[in-house]
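Pasting a structure below so you can have a look.
Chain naming follows the written order as A, B, C and D, and within any one chain the residues start at number 1.
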Amino acid sequence: MNPPLAEADLPALQVGDYTLANRLIMGTGGITDLDALERALLASGTTLTTVAMRRYSPETKTSVFSMLERLGIDILPNTAGCYTVKDTVLTAELAREALETNLIKVEVIADEHTLLPDVIETLEATEQLADRGFIPMVYTSDDPAVALRLEQAGAAAVMPLGAPIGTGLGILNRHNIELITSRASIPVVLDAGIGSASEAALAMELGCDAVLVASAVTRAQRPTEMAVAMRMAVHAGYLSARAGRIPRREHAQASSAFAGRISPIDELT
Amino acid sequence: MNPPLAEADLPALQVGDYTLANRLIMGTGGITDLDALERALLASGTTLTTVAMRRYSPETKTSVFSMLERLGIDILPNTAGCYTVKDTVLTAELAREALETNLIKVEVIADEHTLLPDVIETLEATEQLADRGFIPMVYTSDDPAVALRLEQAGAAAVMPLGAPIGTGLGILNRHNIELITSRASIPVVLDAGIGSASEAALAMELGCDAVLVASAVTRAQRPTEMAVAMRMAVHAGYLSARAGRIPRREHAQASSAFAGRISPIDELT
Amino acid sequence: MNPPLAEADLPALQVGDYTLANRLIMGTGGITDLDALERALLASGTTLTTVAMRRYSPETKTSVFSMLERLGIDILPNTAGCYTVKDTVLTAELAREALETNLIKVEVIADEHTLLPDVIETLEATEQLADRGFIPMVYTSDDPAVALRLEQAGAAAVMPLGAPIGTGLGILNRHNIELITSRASIPVVLDAGIGSASEAALAMELGCDAVLVASAVTRAQRPTEMAVAMRMAVHAGYLSARAGRIPRREHAQASSAFAGRISPIDELT
Amino acid sequence: MNPPLAEADLPALQVGDYTLANRLIMGTGGITDLDALERALLASGTTLTTVAMRRYSPETKTSVFSMLERLGIDILPNTAGCYTVKDTVLTAELAREALETNLIKVEVIADEHTLLPDVIETLEATEQLADRGFIPMVYTSDDPAVALRLEQAGAAAVMPLGAPIGTGLGILNRHNIELITSRASIPVVLDAGIGSASEAALAMELGCDAVLVASAVTRAQRPTEMAVAMRMAVHAGYLSARAGRIPRREHAQASSAFAGRISPIDELT
């Protein structure tokens, strides 16, 4: 289903000096075999996929990494599993050396039970990484004040959660996400919480510039179809935001008369 | 953006003996000029568009009607503006004669302030219209018990509202819509209330078979782009429902280790 | 905790020619022993309690009925278990004869799986019961158009559901409840769906005149404490509605400066 | 309306070595005259009221301060208007000297537009104030990871917001508040966002130990009645939480048969 119009295209997004061609960033966690992952990645149309550096070792630069290379999908290394500034910076440096990219998804987790970001450590890590020339894309809470501080600290993109990782609870606080997107000068990527296509579209309608999904696709019953759904939903949400939706009203409103008609076509609905 | 997969296609929907090729039904109310309407209709990819018969007169079979004919879009005449069974049936008969179609969108309104359907009159009208050989597609409240009675009375499709017409409040009661779709043997079309793409996708995820939008497109700031957004959202929602979303959890869950890997790639996110 | 003010009292409510002293109506279903039920009823402060006539027989006018008589709590017989107009009217007549009251809670259920009201049968039953001199308090869906028709048919009170019976899902569609209360000339009693005190308070804030709870109290882990909670919540909600809440704003607002002060005390919060 | 039962009492709350007799903490901002404020405070039953130290000067220890003294209401000085750790600590020291209390409500604001707390500065200020022997009650975001760090830093109570100050949007993210209360070893006080009684009750049901309201009362159309409503709602919510509500179900459930009855009374509702 090609959008029949030039104005319906989805433009690329600039993140620091990296150009993100597609607005759906994928994660690879949760899928059970490499072939299924490959099919889902292709179906998603993603051009950037995040993988954890936690247990990376040079001799294992295989499987997922080589698959992504073969598919021409860029790698966004992440620091998942890090709890401190020091570990995060070390992991980022390792990633840069191993993968030859300045992109880094900064994840500093507060505890293993909630997997919530520790925004204090995250802020400090972001500052150090920006100073070292990285392009930090920073996983964070949905706190609008923190998002602004991350931007000031050098984040190239902020990635607020919609809900805790893996819960599929969607976007719990739309007000906060809207506050973040309305004030940010850098891209905002909704990260974590999304479980279905409508939630991905909603993220874009709230002003996000891109969406990251992992388990919503990889753990769906049919990952490939969910990947297509997410891809289309992100695009639909982008257009929906740009098209300027009707205001919400408390009271019903009939569709108005048809302008200029000689007679009939003024209808409700 | 073509879905790269056969399984990602959006199949046609059977409504009585009518085959609906596309799952996005459009209404025409609220737009200010015919050219803009034409562009929006084309962008939406719709194959069925509803128009009110209320003030139809033979000499005015012009403008919208002839445009739809030219575009090859089928017409779903509706009985908007009717408050009684008798008026509704008369309007339906007029529509059948004028437009040579058994399709009729049954709308019997309780009052002009809320534009809510009067389900008592609607049920009776549906029964009579089914007896007369119509294919009644019936606008109704989101009451699951009423939806079932409409099916028993001969409705070819039930069209519950998400919220009052023109409010753009989305789907106020997801529980009811899910109850309707889980019990219906006929198609369920979400009608009224939708204001943005994410809400159209949500309707499909709740099990609806199609979505009808009018003012959400025609009154958007950029109708054509919203039309594309809605088209993609309906498709995305259909796939999302079929793909089997992850369950909602109260607690975070890390993406599990990558099965069968030699080493690294077990990540969070 | 006595409200320290006359204006904080909870006035009686007129339902037809019946005066309801307290705004919390109780149901008796779901409790496991008579003593616990008695404690909960007393704690609730209720003056009107609904009991099903379904299996009433003269020789069994015992237990609950005699307890309620002893406690001075009025009985609101209900027609739970009825699926047709005929059964409903017969049950109401039986109740009037047995209990010597014109009060009747009209319940006509669509099916045993959802326990949703069948509004078509309900409307017809209400009309017949009003003609026979009953004071019909009518359990119904949250459809505002139906509520208005019930009033026109002679209902003394409409009792819309917040959510299906026993689900504890609260008030699924606040918009509908507000639409009902803003247009009704008769009392509106929220019936079914409520699970906790905040939801009972919310019902009152939406403009309901009273609340009916059964399993929320009788199936709570500590029914007596939940009964007190509900009683206070209904009172709080009534006052909250009358006190005129602050408007909802999208943007933060500091508490303004203290008027007339000589100096300091202008604070945030 | 006295709760008729000992088990329905609302026990005092221990905050550090301060004993909070009533669970409704009041703010004084937003009211237009001292008499109206006095009536509202009395009606609320509050025993602790927060006032801003921002522009305190010795010669102005009048009006509100002396009124609170006269009424026997304890003062919780707050640091509203502070943007940095240094200002916050200085303000707290001034408060301690002037008011002879170790209680301090820590508020460090990120910016004047959102009035959101700056959690980075807040954490540092909390640590310093705890070291100096204060009893810090800390206004914060609803980020559960931050709440835990505040506790570790020496907070005597955490006071997460439900929504930005003065918006009256209620509790935007119930999931976060429940996560905070389920993990905290110190009292949790819901602060900011509440606009009506049902929202105060909900805060308690989510596990909060107390609620702070200011403009919800002082800016209500009838502050005194809203004060009573809030007082009862907090009590109701406390009991409701303790009583153990029924679980939420997707499907309807009839009230079960009455145990031990000879015959009739098994009812729905």
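We adopt the following convention: a contact is a pair of C-beta atoms (placed from the backbone, for glycine too) under 8 Å apart; a residue touches a chain by one contact, two chains touch by 3 or more.
Please read all numbers here as calculations on a predicted model, not as lab measurements.
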item	value
Selected pair, out of A-D, A-B or C-D, that shares over half of its residue contact pairs with B-C	A-D
Inter-centroid spacing, subunit D versus subunit B (mean Cα positions, whole Å)	46
Centroid spacing, where centroids are CA-atom means, of subunit A and subunit B in whole angstrom	30
Between subunit A and subunit D, centroid-to-centroid distance (C-alpha), Å	35
Sites on subunit B at which at least two other chains make contact	114, 116, 164, 169, 175, 250
Overall pattern in which the protein chains touch one another (line/ring/star/complete/other)	ring
Touch relationships between chains, expressed as pairs	A-B, A-D, B-C, C-D
Subunit C-facing residues of subunit D, complex	1-5, 7-8, 10, 27-34, 42-43, 45, 50-52, 54-57, 59-60, 62-65, 78, 80-81, 105, 107, 109, 112-116, 139, 164-169, 191-192, 195-199, 201-202, 205, 212, 214-216, 218-226, 228-233, 235-240, 242-256, 258-269
Subunit B - residues contacting subunit C, complex	110-111, 114, 116-120, 123, 141-146, 148-149, 163-164, 169, 172-176, 179
